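The following block contains the structure, expressed as structure tokens.
Letters A, B and C name the chains as they come in the text, with residue numbers starting at 1 for each one.
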Amino acid sequence: MIQRARKLWMVVYLAPLAFLVVFYVYPLLSILDLSIRPAGAFDLSGFVKLLSTDYYIGTLVFTVYQAALSTGVTLLLALPCAFVFARYRFRGKSLLLSLATLPFVLPTVVVALAFAALLGKDGLLNDALAALFTLDYEPIQLERTLAIIIIVHVFYNFAVALRIMTSYLSAVGFSLEEAARCLGADELSLWRDIRMPLIRPALLSAGLLVFIFSFTSFGVILILGGIRFATLEVQIYYQAVNMFNLPLAAALSLVQILSMLALMIIYTSTQKQLRLTLASHHSLTKRARSAGARLALGSCVGLIALLLFAPLLALVARSVLVAGQLDFGNFASLAQKSRGSLLFIAPLASVFNSLRFALMAMMAALILGLIASYLIESRGRLSRLADPLFMLPLATSAVTLGFGFIIALDEPPLNLRASWLIIPISHTLVALPFVIRSVLPSLRAIPSSLREAAQTLGAKPLDILLTIDLPLLGRGLAVGATFAFTVSMGEFGASLFVAQRESVTIPVVIYRLIGDPGFASYRQSMAMSVVLLLVCAGGFVLIERLRVAGVGEF
Amino acid sequence: MFFRVVSILFLIQATMASASAQEAERVVVLTHDSFAISEALLESFEAQTGISVEILRSGDAGQMVNQAILSKNNPLGDVLYGVDNTFLSRALDASIFAPYQSPALSYIANAFLPDDSFRVTPVDYGDVCLNYDIAYFEESGTELPASLSDLTEEAFHGLLVAQNPATSSPGLAFLLATIAEFGDEGDYTYLDYWEDLRANDVLVVDGWTDAYYGEFKVRGRDTGSRPMVVSYASSPPAEVLFSEEPAAGAITGAIVGDNMCFRQVEYVGVLAGAANEAAARQFVDFMLSPAFQAELPLNMFVFPVREDIALPDVFAEYALIPENPASVDSAEIEAKRDDWIQAWMEVMLR
Amino acid sequence: MLRIERVSHAYGEIVSLRDVTLTLDEGEILCLLGPSGCGKTTLLRIIAGLETEYRGLVALEGADIRPMPAHQRQFGLMFQDFALFPHLSVADNIAYGLKRKGLDRKRIGVRVQSLLERVGLEGLDERDVASLSGGQKQRVALARSLAPNPRLLMLDEPLGSLDAQLRDQLALELRGIIKEAGLSAIYVTHDQREAYAVADRLAVMDEGSVRQHAAPRRVYMRPACAFVARFLGMSNIFATGDSRVANLRGLREDDAWTGAKTFLIHPSGMSLSPADAELAAQVSVILDQAVFRGGYFDATASTAAGASLDFSVKDLPVAVGESFDLWIARDAVMPFVD
């Protein structure tokens, strides 16, 4: 009986692996194949071209440059705030911190548009400044500049960096600092000898994460930068979709995959250093009483509020204000399907597509992610391999995935090219690492003695799963579900490749609307972005609330 | 609770799916984003044939062709319209079309046919050429350029906005015009020319919309700062048509001197493996019908390939057709397009 | 009722159990005593069915239970960290095993109440286990393992995380509860006082082996080896060749001394006056130190040869630094082979 149960477990364990092999490894191998054997024969001309052309080297250099710049600016802003936040408590701190993570789940198209609405040529700020100083030109010229790309990357990554560093600092506590103070350390040596060395692992970890996100940034650069600011990602897309140079796109993808792999390896090694006890030291925070402390705290809160709310409010304002008047016509037009539009379906129908795909991807990613987490935790021969393996999709850009899908999955037996299934599948793949990363800590936090106690109390393996593991994983699962859902809702890079006809998702629709000449489409894209913003925020809230109410009800 | 929400959503989905499953015969037209034709005309086609028409736009002409090639095992549509002579070879080489010889071909000049295989059928053409703001040139007294070379002169410093050929179809056409004029080898190639244009402060943007509505300055619009733009020979009638006071006469002009324009011919073809090939053929015939051809100028600002169609007044009055557009062999375009564009990007974008 | 025969177990290269043989009688409390890492927890886990990779036999009432999975054994196991289910209330923790047995709600409710009463936690049913004190957690864990009426109760360092003051009293209380329930139990601890208080029989373990398996008094009075003696805190252990103490162990050499490497002079076998028992030696010593423990003295004295002797006596009419004669009973001198 035990033998049979083991066999069954092996089959279950193999499900996520099989999924990964078919929908990740196989498409990637197809890319590799295409890059080194473009016409069926071994041919490295794609690589030769890549490595011998200044232009593509320039793309690579620029990718690294903008990522480094984004990382630097993000850390520079987040580091002081992390110290302030770890140090002081104030009312609404946790709300603010969780609100600050909102950008992380916001789709790139929405964010790009939000910044266009705020800082763009016809943006709110330009309008306001022009009206204020009666200018006949736009004082802020940020469209298609590196500056706006960096600003948006900071918007995206600020909260991530802030949270990593704040939680690390809170866990470390300030006792060392106080000890140093007692030993006569002045402010300068506190920074030099205590604070900076202490925060270094978190700084490194946050920095790498921001670097990785900026390195793979696609939608933001595609929409706000254009081809002049092409990163590897954008270049892959251009080469595949515009130039139809698939071997070159494949070669670029390979460079991308290898770079990301290297970055991920470095990142996971820094993660190990970060594994601190998660004991909370709330008692160590204090109220900001001195004027300096209040100023520091106020600046940080102000920075977050400005960074977070200004663009989103601008987006909402732009979508409902037409010539200074409140007008919901932009929204009403979303429900109409017209043949004159750029889309095969009414824009609003894409909301339904997105919701449907997001739910499917969420369910699939939850189930596969849960099994994969157990596999990783099983400490078997497979598990050592499984951990990095399941993180690979995170290290692979969505654009590369989408590209791999369309070149690999268009022949029997996996003829998914024309099927809508390809979208939830690609989203599942992208969401899977998020689910695993959310579930794994909860899973690891369950002491094995709990399961053993249940066992000695007569619980069968299935009982243990249902009565011990799942309830205790509730929070991790809910967090994973949130991630999967929002990641799927906002997924852009892969969808742009694979979404077809009736199955287009909200971000793809927004992108298509932006590209359409004419003011009406622009307004429609704003309205659509607001819809996506609301759907994402709504989904986020819904799952958060289900999580609170639902623990123990599985 | 959670699972209830999920199952309800799936239930809604299931009913929606079954509702959309009941379909009449339809033809899906794969086309580029600029496709436009009147709803009335499409409805008349639907009424006559009983075939419903769905339009599937897939980016610009290049993206559309690439999409069609990438999905040729599972065609996304039945008909592909909008592939032009700059991308035709790619489409033909990938064998995405099934041959169809429309009876209406007899109304079309043979010069429009790319070859004698009938894999694609010409529908319309247009010329990419320089447009200018008449007011600027009148007020400043600047002479219009008589050749592409003139654009490198001081008089045109900072006046022109062009498009990136990697991302824009008129951009590519204009690049091809410069290649036809200056060649890609020799002492002074098209790259040297662009280098000079760059020195003369030409502005390059990604798309036609950005260029025309964003950077091009014309009387009556408060956007943009440059009085010359790469656009179409048919843009001046469009400008008149859309201006707030159409009676005021020409606002912009097109420069159609010899070898200064590049002609784009757009084709339609039945996609190989189409779900509804018969309907697809009917749609091709429909695109060559007098009614459709007559609507082309005012909907897509292109010229019909049928010579027996009368042009609308505004076209007759304001549109110029170049007598000797530049031309580059379609096969040569296909062979060298990527290299040309890439070399161009290296000169212009770095 | 329980028989463990020649059980061996290893974690990879590290051998944790070596040919362990033990028995447990019906209604008996067996205490596994030993330093941490001696294999006692591993042995518990093997009995509970949580470890499956081992050699040897585990039999319950004569039947081999090796293939039986843990959840079918109906053995209660109380974990060192209590392993309370953090997502369940006190009552739900206790009811967990009852629910697995498929009992109806009403009977579960009654049983939970009576257990709460028995462990002295009335009224805490709905409390969150995280909010309990260490002692309360220990009681919930006990009640939980008692709830399904286990055939055998196992307790792994149940008082380990509590402070020393509480332990003595709680150990007795635990014994009372186990005996009242009429259970057979295996109790793991590293604390000899706790073991004396709880156990009917002791098994002293070291490095994966059972060194001595006997009643607590016997283990104390007649440790089987130098390890046991040392573990029980006895210090008068000398090498047989130690010339300083050659005169202390008496003249008679019998079989027990062949191969002996060390010997113990039991601290309770020394007195300040010749007792009835047969004497091994009489030695003149100087008192180094004496501590009154209430009812007896723990004292240290050194011989002229330089050997230091610890002993316990009821009365000590000498002051530190004074010299006196110490009488060593022959029984108190025990040769060991280790």
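Keep this in mind: a residue touches a chain if its C-beta (ideal position, glycine included) is under 8 Å from a C-beta of that chain, and two chains touch if they have at least 3 such contacts.
What you see is a predicted model, and the numbers here were worked out from it, not measured in a lab.
Compare each chain's C-alpha centroid with the centroid of every protein C-alpha atom shown, and the nearest one belongs to A.
Placing every chain at the mean of its C-alpha atoms, the farthest one from subunit A is found to be C.
Taking each chain's centre as the mean of its C-alpha atoms, subunit B lies 91 Å from subunit C.
Per-chain Cα centroids separate subunit A from subunit B by 36 Å. Subunit C has its Cα centroid 56 Å from the Cα centroid of subunit A. With touch defined as above, subunit A holds no residue shared between interfaces to two or more other chains.
The set of subunit B residues touching two or more other chains is empty.
On subunit A, the positions that touch subunit B within their shared complex are 53-55, 58, 121, 144, 226-228, 238, 240-245, 338-340, 342-344, 352, 355-356, 359, 363, 406-407, 410-411, 415, 417-418, 500-502, 512, 515-517, 542, 546, 549-550, 553.
Across the complex, subunit A is touched by residues 1-2, 5-6, 9-10, 13, 16, 20, 28, 33, 36, 39, 42, 53-57, 59-60, 62-63, 65-67, 69-71, 73-74, 76, 90, 164, 166-167, 205-209, 213-214, 338, 341-342, 345-346, 349-350 of subunit B. Every residue of subunit C that touches subunit A in the complex is listed here, in rising order: 45, 48-50, 69-77, 79-81, 83, 85-87, 96-97, 100-101, 144-145, 147-148. By the touch criterion stated above, subunit A contacts subunit C in their complex at residues 2, 447, 449-450, 452-460, 463, 467-468, 471-472, 474, 551-552.
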